[in-house]
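Data block below; observations after.
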Amino acid sequence: MNQPAQRWVYLNGEYVREADAKISIFDSALMFGDMIFEMTRSFNKKQFRLREHLERLALGMKIFHIPLDLSVDQLEARCLEVIEKNEPAFSKTDEHRLMINVSRGPLSIYHKVFDRPVGPTVVIADFPLKWTVVGMGALFDKGINAVVPSQRAIPAALMDPKIKNRSRMFYQTANIELSRMKGENNWALLLDPDGFIAEGTGCNFFIVKDKKIFTPEGRNILRGISRNYIFELAETLGISCREKNLEPYDVYAADEAFVTATPFCALPVTHFNFTKIGSGAMGAVTRQLLDVWGKNVGVDIVRQIKAFNEEVQLASAGPVSTPYQFKTEEK
Amino acid sequence: MNQPAQRWVYLNGEYVREADAKISIFDSALMFGDMIFEMTRSFNKKQFRLREHLERLALGMKIFHIPLDLSVDQLEARCLEVIEKNEPAFSKTDEHRLMINVSRGPLSIYHKVFDRPVGPTVVIADFPLKWTVVGMGALFDKGINAVVPSQRAIPAALMDPKIKNRSRMFYQTANIELSRMKGENNWALLLDPDGFIAEGTGCNFFIVKDKKIFTPEGRNILRGISRNYIFELAETLGISCREKNLEPYDVYAADEAFVTATPFCALPVTHFNFTKIGSGAMGAVTRQLLDVWGKNVGVDIVRQIKAFNEEVQLASAGPVSTPYQFKTEEK
Amino acid sequence: MNQPAQRWVYLNGEYVREADAKISIFDSALMFGDMIFEMTRSFNKKQFRLREHLERLALGMKIFHIPLDLSVDQLEARCLEVIEKNEPAFSKTDEHRLMINVSRGPLSIYHKVFDRPVGPTVVIADFPLKWTVVGMGALFDKGINAVVPSQRAIPAALMDPKIKNRSRMFYQTANIELSRMKGENNWALLLDPDGFIAEGTGCNFFIVKDKKIFTPEGRNILRGISRNYIFELAETLGISCREKNLEPYDVYAADEAFVTATPFCALPVTHFNFTKIGSGAMGAVTRQLLDVWGKNVGVDIVRQIKAFNEEVQLASAGPVSTPYQFKTEEK
Amino acid sequence: MNQPAQRWVYLNGEYVREADAKISIFDSALMFGDMIFEMTRSFNKKQFRLREHLERLALGMKIFHIPLDLSVDQLEARCLEVIEKNEPAFSKTDEHRLMINVSRGPLSIYHKVFDRPVGPTVVIADFPLKWTVVGMGALFDKGINAVVPSQRAIPAALMDPKIKNRSRMFYQTANIELSRMKGENNWALLLDPDGFIAEGTGCNFFIVKDKKIFTPEGRNILRGISRNYIFELAETLGISCREKNLEPYDVYAADEAFVTATPFCALPVTHFNFTKIGSGAMGAVTRQLLDVWGKNVGVDIVRQIKAFNEEVQLASAGPVSTPYQFKTEEK
Amino acid sequence: MNQPAQRWVYLNGEYVREADAKISIFDSALMFGDMIFEMTRSFNKKQFRLREHLERLALGMKIFHIPLDLSVDQLEARCLEVIEKNEPAFSKTDEHRLMINVSRGPLSIYHKVFDRPVGPTVVIADFPLKWTVVGMGALFDKGINAVVPSQRAIPAALMDPKIKNRSRMFYQTANIELSRMKGENNWALLLDPDGFIAEGTGCNFFIVKDKKIFTPEGRNILRGISRNYIFELAETLGISCREKNLEPYDVYAADEAFVTATPFCALPVTHFNFTKIGSGAMGAVTRQLLDVWGKNVGVDIVRQIKAFNEEVQLASAGPVSTPYQFKTEEK
Amino acid sequence: MNQPAQRWVYLNGEYVREADAKISIFDSALMFGDMIFEMTRSFNKKQFRLREHLERLALGMKIFHIPLDLSVDQLEARCLEVIEKNEPAFSKTDEHRLMINVSRGPLSIYHKVFDRPVGPTVVIADFPLKWTVVGMGALFDKGINAVVPSQRAIPAALMDPKIKNRSRMFYQTANIELSRMKGENNWALLLDPDGFIAEGTGCNFFIVKDKKIFTPEGRNILRGISRNYIFELAETLGISCREKNLEPYDVYAADEAFVTATPFCALPVTHFNFTKIGSGAMGAVTRQLLDVWGKNVGVDIVRQIKAFNEEVQLASAGPVSTPYQFKTEEK
């Protein structure tokens, strides 16, 4: 009786049930991975930087010439409407994670499949943040082991990761590689073809050295909203934070390291390629950033995620899997 | 009253109507462009090299660790079943174009969306070849103008085009560039980052020089089934045909050039970057290959495609668009 | 009766008529494109940063070991002499555009062709600025569309664009590509092989974002005198202006963009790859820079160039061509 | 009284004296290094493969869109006319070395400089082969030392060396480097950016290993007419000769090596980076190729060049300089 | 009482005990990794292709200008002398594995350390083959799992692997990466920076496809003596064997794969990146090659290595470690 | 009777005579160049930044997983002990140059060679600074000529120069190239594969332009202790000093240039590629840095090194060789 109400997904102007939120096999999204998207979260039910997410989406649409006739204002209104409609289906303690997808719609040669005119595809889904972060609570204590796989990031000159897109099959290749590593809590951290640290398969990367924060230049990475926020928080705290080409050597030599992403804000990276970074625990600067972030949004970020975990463990006796880890058959 | 019967799409063991052939927004296919596929055609209703297509698909599934429990035999049986079921909806003169999609299915953190267990996704669609090739009849006479856009092919070391996949947003970038070119019948021909000719956004490329056929090495390209067949036909005809790194210079210096793809087999490339190749018309070797191909499969390939065009023009008064051309708003 | 007096070109210590200013086919300049040069302009008849131009020329001569026995002082004196000699042939409203060429002269194996000893070649030509900028007046209003061609800039490690040289056949390749694009006012903007914005085929590129000015790092580009001056003007105006690796994404996301070159100082770039930048008109910062520049040199830059246009249209009934656009036969 | 008659240069339809063969400073050739060319030679006064040279020139004109209205036939006729006209000025023992230059002519904005319509520029000069090869006689015995400078060849993807063009300032950079090396008879042999042997600054490179001939793939090099002829000669002699990516290691391990160019046909490379190759003298295969070549054209190639040397030494008491060596001031 | 006699190492003309075979810390070998070497083996006590090994060594000395005054003949004589001297210390069933090291000796500024003149360093050690191959017996049945680490091979243009040298710290980096993988019998297989298969950290790589053998081009690899021998064996057997740029895709698609190295001749590669190749067992062609090789040298290669294993297990109760696997502390 | 006492080298816990400081041929240091090291110096017998050297060593050991059980404190104690023990063997005016080598020791398959357990190898040698710098006195006046060889620096992504390691055979390749250059005092200055200035084969590089100091980014170089100290000194002096990608052009355009290394602190670079930099003598900023450095450590750096020279010349009549110059047989 946990979630008695139904969640609805906005799909081209209509509302459909989550399990029915589907896209035609003739859509450019499925033919070419030609879809751009955003994923957000709320803190205390209030969306965080929704406008910034939507503006990034609009820029992507402009670059890819997706002729959607919804302004950022209209998209924002739709998002809020979706949340309002779904709130009854959310527990009090959960947060709204939106997924906003846009594609140019079915390719023209397949238009005849449909009995009515078709255009760009817009999806706004809204599901519990809990799904994404459950099991991550322990990582704030133990940290993750960032591992460099053989797979390299595709450089921006070939396909720009700054446009949050759905042509990321190579992320799965990296994840499959990681699944063959010994130990736990291994996350892929991709190098770009020049050998610089790029990003994780879903998170940005930072190091702290001599009380200064460094993160890869905004080139072969997504310029994450959480990443942007770290710059702001650092400024507030009077900590220097700047972009720099980072190499594995810099990570080994760092005092602390962390990754950022919308669902968990920031997680400590305590090991790099199975080698301890700094003290091997969450560093002081990382903690400080998480604290101020939490204060700013009125949520104890770590406690909330740990609580999700307990909630789920109470509900089911089964083990909690780390969602970012890829499962594959071993040899 | 042209196509009174309905076409059906095989979707995870069930048959759905074409317009209802959709994939969940939580599927890895849509989250990561993580889907592999094949597209085939028939000649006189008989599938061409279906087995070869499915073996390439199976190799892709092995490399990407998609745990589908269908053997190549079983996939082949499904394909033939789909065709049989759809034949009533096809005109006598049309051919079956299959689209076979496979993905690893919804990501595990979203499994709870569905009320039953979910696994890999399999789609087999079957639609008229006519849709793809209509309007191409004239190209056998005029040829296409292959143009090198600024967008480069992603090299195999970063994401392998030899695995026919759906992470190809950069194809659309190339197509958008082409839409800004003057003139007609311009098709994108991508260079790889080394400056070698790679492939079109959906076709392989060949040149003929001194009665020998050359095609780019099987590296940063799809090793197309039609491409493979050209090697066989050339051998039959006693014409040398081999792989070689080709540069723009080689194309300018060629006697003739052509592209191959499943729907149209081979089309002459009469211009390269708006510059005439050889005589500027279909070359003798290209014609010979099309002739033998047609004889082998019992279909006059050019005539069939031209006939599709007339059929459509009879049915509708409107103009026939070139399907491979991308439409975008001009400045 | 517009220009009754004759213009003279300084050629190895002598003055020749413009049409007779020629270089031997045995000169290293013609054998290897082995010539370095500068092109200047005046404002109100006063040369702008002539000294800076000549010092750049001298650095190039040092690097290429061109054993010219003229000091920068001497070269400057020659330039002023040339201008003085030509002033009678210039209308009151026109400006002096100098072209200064230096090469190491005829190759030694061809010295026997000449009946006297030969050494390095020096040319100082002086022609009306009007020739270069006529037709550009409208561009201050409409702006140009900067388009990335397939041709990449040659990186400095292979042949350094910072030395203003005459081995630039690849500029013509880019210009030929541009001539095939739809629409008007398209100018080539080259990427370097790393995918960073380099320069136009004759101009430097800037963007403005959040009231800060950015321009590509001084690596695979000419470090233009006008570019240098923008840094100075920005400092005067209290606007941040700095070098940064710029990618196409940054241009799409910019608020405004402009190009700089000696003849026109700065022109707005209102479109990038046929996509509107910012408002699609000259931006506030660009305008401010042009204004201050004009004030500093006592010339209303935009008005002057527009006036040239009217002047020419009065003189001839024919259309005014955009000089930077390359004409080529269409397919 | 050696050469009493005057030599004439064909220049845009007229004949001018050698010393007056000049090109306007406003020509695209001088503005951009935008000129393509050929240089030929005769054997016993008969041009060698003139047609092949002119067809390569025509291909270059097509690629660079130089709208010259002379066919290959017409160009050939002009060449023969030039030779006929100049023959009186040639000694009996000398050979005709043609230099054929073509550019698109003065840039349009400078057309007003000229008092008559201007178009593409064509130059056909004809001078004694002796000039180029005098001093090389001894090299057939001692061989040259091929040295890899720091300067790399510009790869074809950026500016194609297969089009014989005049944007080769980087050749001079390589030659300047070579002038700082100890010893004599050092010639630059460029690597391409991949580290493969490309070509000399004016010659193609071959090695012989286990009685097989190898030469770099026809990619980042000029596909020389002499290089082509070596393939033919090898076939006649039953010696395998094929293209292969060659690395410095392969040269060190070679049994013999040689370079080819039009004026001297083939010269032995006896040292590579100051290290002996094979026996350190002209190899048996090189000698065999020179012999057959000489027989085919009715000239003892080595003896002729050595004779030029003696002739000159008789005429003047001064030393004979190696023409390919670059002179520069030492530190 | 197994090996009562002592083994001796040749060191600069003297014989020292194995444990005393040491090189000065002032030697260029230790200062720069500036040492080249060979490692051989015998079959039935007879050295295999010793001459070929020494000629490769001599080529390396020539390229690196190591002024050793021993000819290949003299080196060969020394090797045979070393073996003769050590034979008493070898069991009947064991084979002689030579290690021949050459460096240019102590750097000149440290010569004063020594009380006598110092020159190049030569070492010839001779130890039981058993040491290297013990534990490998089972691999002929199970095969190895070749895994691509993040570490790339250093390309020949930067430091040539064709010269067997001691600057290979990056091999250890690759081996450390491998030690973190799950499962057993994982061997590193390096890609070069272009993404082509290069070599293992001590072995060459081959695939078999459609009964044809392919191995990476001899570029970014050691051209192994065993690799050379495979070409010979294949020719004898009438099997096509040729060099080709191989990519991971080609390995996944292969029918069989194997690695070669002097100690074990050839070992099956049954998995690639934890994915089964072909049948997952030693392939028919691999077996055929091992069989003929064994016949040619009069040794059952597989049986011999398996016998070493049993011998050791009888002698000691402890487990047998795989020598090529790197041990490192786990996180 | 100059140095009557003996110097001792610390070797795995024991003290051996210098000439006996040797490492087993089975050590990973000799098998793979797998050794990391530091070299220090004293000023007035006091070690300079020893701690900083040892911390860099410790970081290298962590990255390469060398399981040495000595802390930085313990290593420091050993170093001081070595110096104390050797001081009697040093003249009053000389300084202690330590060489600290660490490797993982003999490879496990060779452990049986030794009659006792073996582990990591540690060497601490201590020899007169004089050996390294003798003959350099004149360079403070004349400066060196930094020359770019064909050999490129290996980029950090392939083998990281920031870890001071012994896999540097390519340094010798560069030095061999330099030995073929005309003139004197030529030192190799390597470019990285991107064409940026990296470092010398044993020193860091700086330029001074407009009273600002620039040095290559800390990427494809060793981040030298002397280099770090220049940053500190510059800050003290109020001179801007920062990292920047430097190209040859920047060096040609510089006002002064210098290299830094532990033994000589800083030496002026007065020529670059045989071309004068600035005035061609030691620049004012270089002098200022050397002065302050000297004051801080209580040693007149230039005078001390010049004095070493005189001392040696008094002792021996022979010529003093430049230690950094590589001797090789000329052609």
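For clarity, chains are labelled A, B, C, D, E and F in written order, and residue numbers in each chain start from 1.
In the analysis below, a residue touches a chain if its C-beta (ideal position, glycine included) is under 8 Å from a C-beta of that chain, and two chains touch if they have at least 3 such contacts.
Small disclaimer: the values here were computed from a predicted structure and weren't measured.
Listed by label, the chains touching subunit C and subunit E alike are A, B, D, F.
Of all residue numbers used where subunit D meets subunit F, over half belong to both copies. The two sides are thus made of the same residues. Comparing the CA-atom centres of all chains against that of subunit F, the greatest distance is found for B. Between the Cα centres of subunit B and subunit D there is a gap of 46 Å. A straight line joining the Cα centres of subunit C and subunit D is 33 Å long. Across the assembly, subunit B contributes 65, 157-158, 191, 275, 328 as residues in contact with two or more other chains. All chain pairs that count as touching, in label order, are A-B, A-C, A-E, A-F, B-C, B-D, B-E, C-D, C-F, D-E, D-F, E-F.
Listed in rising order, the residues of subunit B touching subunit A in the complex are 9, 18-19, 21-26, 28-35, 64-65, 67, 99, 101, 104, 108-110, 112-115, 123, 125, 127, 131-132, 152, 154, 157-159, 165-173, 176, 193, 321, 323, 327-329. Here subunit D touches subunit E in the complex through residues 191, 194-195, 245, 247-249, 252-253, 275, going by the rule given at the top. Taken in their complex, subunit B has these residues touching subunit E: 59, 62-63, 65, 155-158, 160, 162-163, 217, 219. Partner subunit C is touched in their complex by these residues of subunit B: 145, 147-150, 177, 180-183, 191, 271, 273-276, 328, 330-331.
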